[in-house]
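A, B, C and D label the chains in the order they appear, each numbered from 1.
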Amino acid sequence: MRTRSLVGVFVLAGFLAFVPSGWVQAQTIKIGINAPLTGDIPKVGEGTKFAAQMWLEDVKAAGGLTVGGKKVPVELVIEDNESKAESAVKAATKMITEDEVLVMVGPQASKQAIPAGGIANNYKTPMVTPWSTNPDATKDRPYVFRACFLDPFQGPVLANFITEQFKFAKAAVLYDVASDYPKGLAEFFKMAWERLHGPGSVVAYESFTTKDTDFSSQLTKIKNSGAQVLFTPQYYNEVALIVQQAHQLGWKNPIVGSDSWGSAETVSLCGKDCYGLFFSTHYAAAGATGATKEFIIRYQRKHGYVPDDVAALTWDAMGLVQKAIQDTGGLTGDLKKDRDNVRSALSQIKNFKGITGDMTFSGGGDPSKCAVIVQISDKGEFEFYKSACP
Amino acid sequence: MLLSVDNLRVSYEKIKALHGISFRIDEGEIVCIIGANGAGKSTTLRAISRLVPVEAGTNMTFMGRDLLQYPPDKVVSKLGISHVPEGRRLFDNLTVMENLRLATFARRDGKGIANDRDRVFSIFPRLSERQHQKAGTLSGGEQQMLAVGRAFMSGRKIMLLDEPSMGLAPLLMMSVFDSLKEINREGTSILVVEQNARMALQFAGRGYVLENGRVVLEGRSEQLLANPRVKKAYLGG
Amino acid sequence: MVIFLQNLVNALQWGSFYALIALGYSMVYSILMLFNFAHGDIFMVGSYIGFGVSMGLIALASSGLVAMPNWLILVLTILFSMFLTSFVGMIVERVGYRPLRDAPRASAAITGLMIGIILETGNLALLGARRVSFPSLIETTTYDVSGVFVTNKKIMIVVVSLLLAFALHQFVRRTRWGMAMRAMAFDFAVVPLMGVPVNTMAALTFAIGSALAAAAGILFGVAYPVLDPYMGILFGWKAFVAAILGGRGSVMGATLAGFLLGFTEIFVAMIFPSTLRDLIAYSIILLILTVRPHGFFGEPYSARLRL
Amino acid sequence: MRRYFRTPFSRVPLLGWLAGILIAVALERLAGAPLALALGLTKVPVLFGFVIMLKKPALIPSAVLYVLLIYAAPTAVVTRLSISPANRLAAWLVRLPMAIPVAVHLGLLYAALHIWAEISDYRVLVLKLTLIAVMVTLSLNVINGYMGEFSCSHPGFMAIGAYFASVFTVGLFVNDQFFGAVFLPQALGPFLFPIALILGGFLASFGALAVAIPSFRTRGDYLAIISLAFLFIVKSLIENLEFVRGPRGLSGQPDWATLPTVFLWTVLCVWSINNFVRSTVGKALNAVRDNEMAAGAMTVDTRRTKIVAFLFAAFWAGVAGGLFAHVLRYVNPSTFGIQKLAEVLAMVYFGGLNSVYGSIVGAVSISLLGEALRPLEIFKWIIIPLLLILVMIYRPTGLIAFKDLDVTALLQPKRKPEEEA
């Protein structure tokens, strides 16, 4: 028995000696996509994945990414973060240490982007979150970038817009207390509104919990508070319910939303109730021109619906990454060095022409970028109304 | 021959409860199985009612049909084997009437059901008085009556009785057994298992003695009552 | 006062859902003594089936082959979907619960939980990440009763829920099937001795529970017309709370506990800051249970599980 | 089958297995990368090649070969060869005071895990989270298995532990906009970290009282909903606590939950829970589960027993939560919701009720499966539940139910069969 196993070992060793070594693949650029394909917001994950894959198609069609005069093949490493913080950290660690990605794009929602950003920063791997508007995601993290504006910017933009547009002084807010994005934006909006109209001018500040579908009690309170406008920074599925229920409870004043409304599904779920409402977002699909229009048409042809802002922002994030890689002037092959180079290139990007607007990074991870106020038209399209720049 | 049980084997997990017992009951007979606590008496009845799985080698036929082919509810509704479980197990949350009605769940003969119900009430007039009370509010004796009545309604070929005397005062016990005799006279065979051996043997025509999952003695009741071994172990002298 | 009345109307509607789902949950819980953690997802499936059925009927009506008014479509949708979903329930019972009838109760609960996850993920894989907009089968009409806003949908939901609860109550009280169910709730082991086919009864229990879930799912679709694969989870757990709160073996108990849960959530949000809603609402539930540790209407049941 | 695979190894003591595994992982460390390259794999495969196999089916033979060559073959050869020395060593060790052989075995186990994990930080992370899952699963098994109740509040206890420990460390040792400047020097941190964890555990126990007192006044299923209500309450409470930043979550925990720390705590947890369930209290717990009336008659103070067990389980869940927060270095309330509950319940029932082994097996296999099946994306959440349903149907009490850890027996040398007779 003993001799037989020893013989086995030698045979295997001999076999190994004859395996041709040097099957090392040619250098490829790996880009990690950390997306919520399952869990609470699968639609966001889908948009992310589709946009990233469209970008990859372009690169493949061009025969690879031209970096420093050479065409380098690109590979996407798509991981599902199940819309959980824990899983986002695991996925980020995996793609950074195991798959050795050069750059990570995503996660999208702040509650995954914040912890995953910590991982990316620790491993000195550049990360671009397309959609996380929470300041904490990039704060004190030189390796973390974003492709969108921030909540502290969006809050005042909306407060100013409502004040100028309607000349209202009393506002109500309805938000999800258990979700970081709505809660954060609700706070920034409240702060900005009260700075404009004095303390107590937000007359109702109501909340609910994720997955709630009945807001009647909160809306009753809001209706009876004397508010002239309702601001609700919720996701598209909740928007439909909130707007319809508000109307059923006799609310006739305007309802204003934020960039989380910017999904093709908002209108398909909400229907006529949402026509005429305003929200701030990253881009307006209807009446778009140039590259933006091209993107929308392409996406729509392929997947059957108008891309939402997540898809558009992911597209831009991929563009930023591409530009940064090309700006490095060539890959050294040393992953650590290359990641550093990409990071510094990212932080130097100026006037990047994205489909969601121009972006300029001035050393930090947050671009200066304009917000767009969109009105939902009578045809259910998102029409550009005005833009607000920092 | 009505019921014939051959080489009945049952195990609970790894403990053998019955090591292959055999017995038979003829049409119209009253047969008792006596034995100490844990001898396997209740298990025998459960096996006939198909409530516990039997092991390979077991053979049970009822009126020439293979009992093992029938699921528990069909044993009652198709074969007419009724079973009064140990401790009566009435549905306390249902009324007396509902308990009786439930026992006819699978029966379709409205007229027969009504007749049977009248018959139960004539055997146990007390039940008739209390037909709208919840079963949980009955006294011990009344509960036993209801349990027997329920069995009477569900299957008339043979009645399996598990410790009918348990928890009853002697006088009540006698009256229950008298009623059972009456039921038997109308053509229902009875298989009764009892710890109270004297009572059982006086009631039954034949008996089997079960010890540690095996039949150790069998015979006519008079024979068993006279058997010294039975006397010593079960009759207290 | 207007605020109070308005919230009363709101609570009636919200409570109706909880009641209806708790009712279905309580069927399985009372009669088979099982935690049916798949119930919330059967609710979701029922809702999607309702969506499919109503789309089909609308297509049929608009094709001009059969003339159908909207209310008829709604009624047919509810009936059809209840029928179809009851099969889903029976399959769940057959696959997940029947093989485990002699196992520890909690093991069956875990299979239920897993079946639930499969239903959610299966839906996601099949229909994609798109959320579904339930068709508005009846035109919403809002009535303004001196400041209190009531819609025809709200009235319909409350009425249908109460009707279904009443029908179930009658079924359980009057029919022999219902009687067998009550008997099973009291003492599962003896029921076969009455000639009652237990497997059929278990399947029937799941079928009725699932049919009620489907009805709830469609009413939900009418009131909150956004469906997604995960919509059942929270409802399932809350129905679980309501069913146990209502007590074993009691249809009325589950209905009332469902209403109580709905009322608590709505009125806590009315009185207190709404950010504290869950905190206070569930503290109240905890308090109730401390004071009344046996639920509301639990009927007695035999502690003996075997014969 | 049996003759070829079981019999040759039937006499291998635990010591021999550990030695074999240690050598295998050491081999991977030394020769894994070149071997992987030689086999056409771009990297040392993660998680025993599963991920690669699922992603690129063409590489299945290579991955299988790699696993065979690196893990299976060396382990088999070493354990087979070391049978007699390992047995002699084990026999010598068990004669020493108990602590020494235990320490030797644990040392070997840790060394093997450490070397295995060192290859990439992803392995370290997965290993840490798996160990924490073991702690949580085991502590829930005390309630749902040994006590036979159905409790839903474990994620709540974890949350309490996680938040307390995080507030403690972030508040005292980190510059933070909410808690102000550093309060204590960093050097003290690793010493105070255990205190943070233990206090977090105690706070979880304290919270458990709120569940235990009302629910153990009565029998039945009320624990299930009281504990569920508790879970909702804890989550809602944290969402409303602005000083821990509500739903946005608390980040910036210092990196003190290193692999040795987590390992040590896990060992401590397994040891103390194993002792607990084997003690008289633990046996009383089983008696309570099997028949409360009889146990009451047998002078077991059922209520006290249950409360003690419940608080004990909550304590370990709290400690596990504290470690969890420091491994992720971020906590938010939504982590500790229904989803987490389903996950932990699945681990308990998959592994086996009433069983220390079972909990370890359940936690490890579900955690690793969750990672290994990542490439399947959505279908992962169909495969894993399906697997669990099958396990439940064929083994309704779980894979390895009713098996405590008998440390003494485990460490014994394995005698030849004839000697046993």
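Remarks
Criterion: contacts are C-beta pairs under 8 Å (C-beta built on N, C-alpha and C of every residue); 3 or more make two chains touch, one makes a residue touch a chain.
These numbers come from a predicted model, not from an experiment.
Counting only chains that touch, the fewest steps needed to get from subunit B to subunit C is 1. The chains in contact with subunit A and with subunit B alike are C. Work out the mean CA point of subunit B and of subunit D, and you get 52 Å between them. Taking each chain's centre as the average of its CA atoms, subunit A and subunit C sit 36 Å apart. Residue positions 235-236, 239-240, 378, 381 of subunit D each touch two or more of the other chains. Among the residues of subunit C, those touching two or more other chains are numbered 121, 124, 233-234, 275, 277-278. Within subunit A, contacts with two or more other chains are made by residues 38, 177, 209.
Chain pairs that touch one another are A-C, A-D, B-C, C-D. On the side of subunit D, the complex with subunit C involves touching residues 144, 148, 150, 210, 213-215, 217-218, 220-222, 224-226, 228-230, 232-233, 235-237, 239-240, 338, 342, 345-346, 349-350, 353, 378-379, 381-382, 385-386, 388-389, 392-393, 396-398. Chain contact summary for the complex, subunit B toward subunit C: residues 42, 46, 49, 51, 71-74, 76-77, 82-83, 85-87, 89, 91-94, 98, 101-107, 136, 150, 154-155. Chain contact summary for the complex, subunit C toward subunit B: residues 176, 179-180, 182-183, 185-187, 189-190, 192-199, 249, 299-302, 304, 307. Contact residues of subunit C toward subunit D in the complex are 35, 95-96, 99-100, 102-111, 113-115, 117-118, 120-122, 124-125, 233-234, 237, 240-241, 244-245, 248, 275-279, 282-283, 285-286, 289-290, 293-295.
Subunit D contributes residues 8, 34-35, 37-40, 42-43, 46, 69, 73, 76-77, 80-81, 120-122, 125-126, 129, 235-236, 239-240, 246-249, 251, 328-335, 339, 371, 374, 377-378, 380-381 to its touches with subunit A in the complex.
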